[in-house]
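Chain lettering (A, B, C, D and E) follows the sequence in which the chains are written, and residue indices restart at 1 in each chain.
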């Protein structure tokens, strides 16, 4: 094992060798293997937005095999999906790429700010997954119930040697649209995921808004740099145990490729551990997606 | 085992041999055995609508034996019913037709969009069933609780070698009447059932309505064909793992026989795995019902 | 064992020998033993209405021993009561009459349409009971929770060889007073109890009202006879698996003895399995009560 | 063991020898030991009303040792308190007086009519207690949840040989102040505790109000004597299995000593099993309290 | 072990040797080891208020190692933090300072007066902690649920030899701002924590307000001295089993150092067991914090 992965694993001194092994599997897999950087392919949009909104733009993506193959061919570190998508192809692709079982899910027919727990740690084990993935909505009316669910799932996952990935998306309650991606709120969401015991944290790239008045005062007093995306990412990394937790960022809203690459450079320069990119990937023709991921990986490799 | 059944079982690579055996039992039973097509007799209307509304039109149907015998004589693949109806005849008909224990139920005296969990996986085992059946109401205020119930029941059922059948009926919440059977909503409902880990999915034949504005845009951009029932069914099959999950369709509203046969042809031409037909069956005199099922089976056999 | 009991037990082919034994105990006990008819003494009114309203008219009835002795002396098939009343005398009367432990209870100080679960299957076992008794309120806002409670208790009871008796009393929700005893609603309530897996079902004698509009249409189209109590009882028996579940009827509102006997004749002529009569029994002086039960039993024996 | 205790134990024929032993321990302890009468010291007012309102009038009472010693020196049958007060002195006073662990508690900062479950049967066992104590609020919106909690705790307690004491205090829901202590409501509350399986029941001395209209009619028709406290107590004893459950009464509102002794005489003459007196005891100087308890015991001994 | 620690342990006679050992570990650790006094460093403000509001004033504090090292270097008795902060450094600092795992947490994005349970007793064991920490909000709408959570966690913790620390912060419900820190309410909150079985109780230093009218009357009648902080602390200690529970006080609102030291002297003179000081510590530069803690410890040592 190379030095960087060994260093990252050293941050997780409280975990058992099983969990460390699964973290190492993800860190060592794919074209970024061994760099401490990760690109993860997540495909839960079918559940969240519906199948046609997700896959009609590129219809081979209706097939669960498609995503496994794409993640493998692109050299991603891991592939994340809900129960059925993993079940649908896990046997065929067994051992070819680490998988993250997304164990809760929302859908766009719902009105409340919550998710249903739709899979179990036992499912993750029987399907050969390396980790469970769980979304929390800090700020929502149901946030404490969600946190109590992940408390139990997380304890169980760690005890059987799985890693825990948390999607931390502020929404609901007092939060307005600007608040959901504000720098202070994003850093807070990442910090809470870390305190809840996540090994890998996924948040959205933050804007330069400061939303909570008391936080705004603290940021201004301490002169926290928020002028560039890289600066803001640096702050988020600091907020997650001074950079000692793996944090990956979602691709955010659809944008043109140059916009996307610019953003990835900002993530990289801020010290992010990587990207987790769904729609931007599988909604393009396969060749274009592979080309895009190739460039993203190159950015994280410092070649672009 | 013939080739088609073998192919279908290959889609369920994550399941244990017990569950595969039960899926094979249903796929190989009856006059459509081995074709990959299924006609299932479901009798839960006594619970859902009341006994007289269900059985007064054909009073021998008050008897639990009646339906077992009808399903056997018609050559159906399986028979589905709530606890009491299975308990009432399972010993007498043991081993003569695969059964699906419907483990949740609603009734027409209720006002909320939910169901009560009325049977257990242990009941299914002690009664010799091949599968559990569970209804979800995507969109309803209680949908996440229902999904969490099926998560637990499903994990338990799979671990003991049973198959899982999901009735996915959008209703409640933001949905209006047109939305409940809209193409986008129906495909979404089928997709979610697949993601929740269903082996067999039951939905209603969709209309050509597109209900969610964001979905409408996606369908129109991708030029998804919705001009005929066959085209719409084809889309629903695509939305369930690119045709790699068994999907059967309900008979929809009462109609004349010609209307019904036309609809079944549409289902068949769209690639549906079959039909699940209750009221249209047991509310006719037994001879008429057998004649009707004979023709439906002939349609799926390509003879009509 | 005589032929009729053997026949009734044959309806319960899904049950284990333990449960069949307990059903046989109740069917074979008392003066109606072996006839397939039953008279059961239930004493839960102390919980439901309060002690003085229940027992002040005949004060020896405050004593738990009183009811055991009365049920034995009258030759009843079984005695049903809540936890404390069974605990208070079960050791003294051990083995002298089958008992049914009522495991949920309401009280008249409450405003909501629910019951508290007040005893357990383990209580029934340690107290030597033959069955558990449970009330559901079809139509009430809490009906699904009640059904989920009986699902669990029933599965547990059956697994340890106990029988399950359900009191099915429509109330709450959309139902008005006329609806609670309407023929369609009563038959529906009895049918649901059967589908929920009850071995013995208790409902109230139905009126000739048809309450749900869709049901009314079905009854009228099928020309279901509702002109006499016997005709209506016949329909309720039909609605419970074509007469293949044991159904007993409550005594209804207090009335004079002739009115009561006339009603019992109607129940008998409609094919009811018997009566479950509480207040009418224990609120009379003991000698009168014994005399009344003697006549009721004579009616079921066809002697009156 | 003397005859009276043997007789009382005979009422509890459904209980195992462990529970009988603990009932005997309480009945045989202290100066009333063997008489079938009991004086119990309960100290849960710190939780219910706050420490200063409870103990400032007699500040040594802040100490958990104080109450153990007081109960022992006064010759009480048992001492009842919440978890912390028992934990704080149980080791030091081990084996010197039977203890009742109060396992639920309310506080005066709350607005709802419920209690929190604050201790467990396992706590009672590890602390050497003879019984658990539990409060129900018949009539309150949460009464059914409370009853379901005691159902579980009670079953567990009995299975490990502990006795069950219920405080049955009507309040909330439809009840007004007069209803809470009305004769019919008090007798109903005591009856329900008995039906829920309590071995020892604590209620308040009832007034001569009849509160539920249907109950009023029944009382008047049966000419139930309510003219004196003794007559009313006699009725409450009758309502608890015709006097075959142990019923003790709280001291009611603070009053002068003569008023208290008069009340105790009424309890005694009505056949009560004893008193459970908290505030009136520990809010006096120790010498006065001992003197008061001496007189109360003398009343129950028939010497005053 | 010195005499004072032996005496304190004697208050916990109901606990097993495992729990006593962990209490002793905390009492004997650090510069106040053996004195019966404690200074504890708690770092849960990241969860409660957000990372930047907590750590931006002194950015090395973003790192979980920082706090362990600070607590060790300052000679604190123990360090308390939520799951992630303990996980992040527990292996590196194993055995160097006793830790308290904070098992529930709130955040400032929420609107309700509750906390999420965010860690388990199993987490505390696997991380080598000496105690669990739990916050209750007496008075809040959710207080009974919180108390029922700590009931279960506490029983489990004690059974495996851990100590239980309770943060008892009145808020919500009827309470206004003045009520939250009123003397009567603070003493009540401390008393309830003791009755709930806490070994160590944390409350805020009380003001001289008396908030509940009935309590006010009792305080005035008993002439409870509330003129100085020391007098009020003395009363709080009295309210916690006459001084036989360990009570530590939070630092209260930010104030200048002289104000803080004056307050600490008041705590000491009132008989408090110590202080638990978070923000005042880690928001200063490390050298200043060490200097401040040095003086606080000196105050408790009686040197200042």
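By our rule, contacts are C-beta pairs under 8 Å (C-beta built on N, C-alpha and C of every residue); 3 or more make two chains touch, one makes a residue touch a chain.
Computed from a predicted model, the values in this text were never measured in an experiment.
Going only through chains that touch each other, how many steps at minimum separate subunit A from subunit C?
Minimum step count, subunit A to subunit C: 2.
Along the graph of touching chains, what's the shortest path length in steps from subunit B to subunit D?
2
If you average the CA atoms of subunit C and of subunit E, how far apart do the two points sit, in angstrom?
Computed value for the inter-centroid distance: 58 Å.
At what distance in angstrom does the C-alpha mean of subunit E lie from that of subunit D?
Averaging C-alpha atoms per chain gives centres 36 Å apart.
Subunit E: which residues touch two or more other chains?
If we look for residues of subunit E contacting two or more partner chains, we find none.
Under the touch definition up top, go round the ring from subunit A by way of subunit B and list the chains.
So, from subunit A then subunit B onward, the ring reads A, B, C, D, E.
Per the contact definition, I'd like the list of subunit C residues that touch subunit B in the complex.
For subunit C paired with subunit B, touching residues are 11-15, 138-139, 141, 143-145, 147-148, 151-152, 155, 159, 170, 173-175, 184-185, 187-188, 191-192, 194-198, 212, 214-215, 218-219, 221-222, 224, 235, 238-239, 241-242, 244-245.
Provide the residue numbers of subunit C that touch subunit D in the complex, in ascending order.
Result: residues 46-47, 49-53, 55-57, 59-60, 62-64, 82-92, 105, 107-112, 114-120, 122-123, 126-127 of subunit C touch subunit D.
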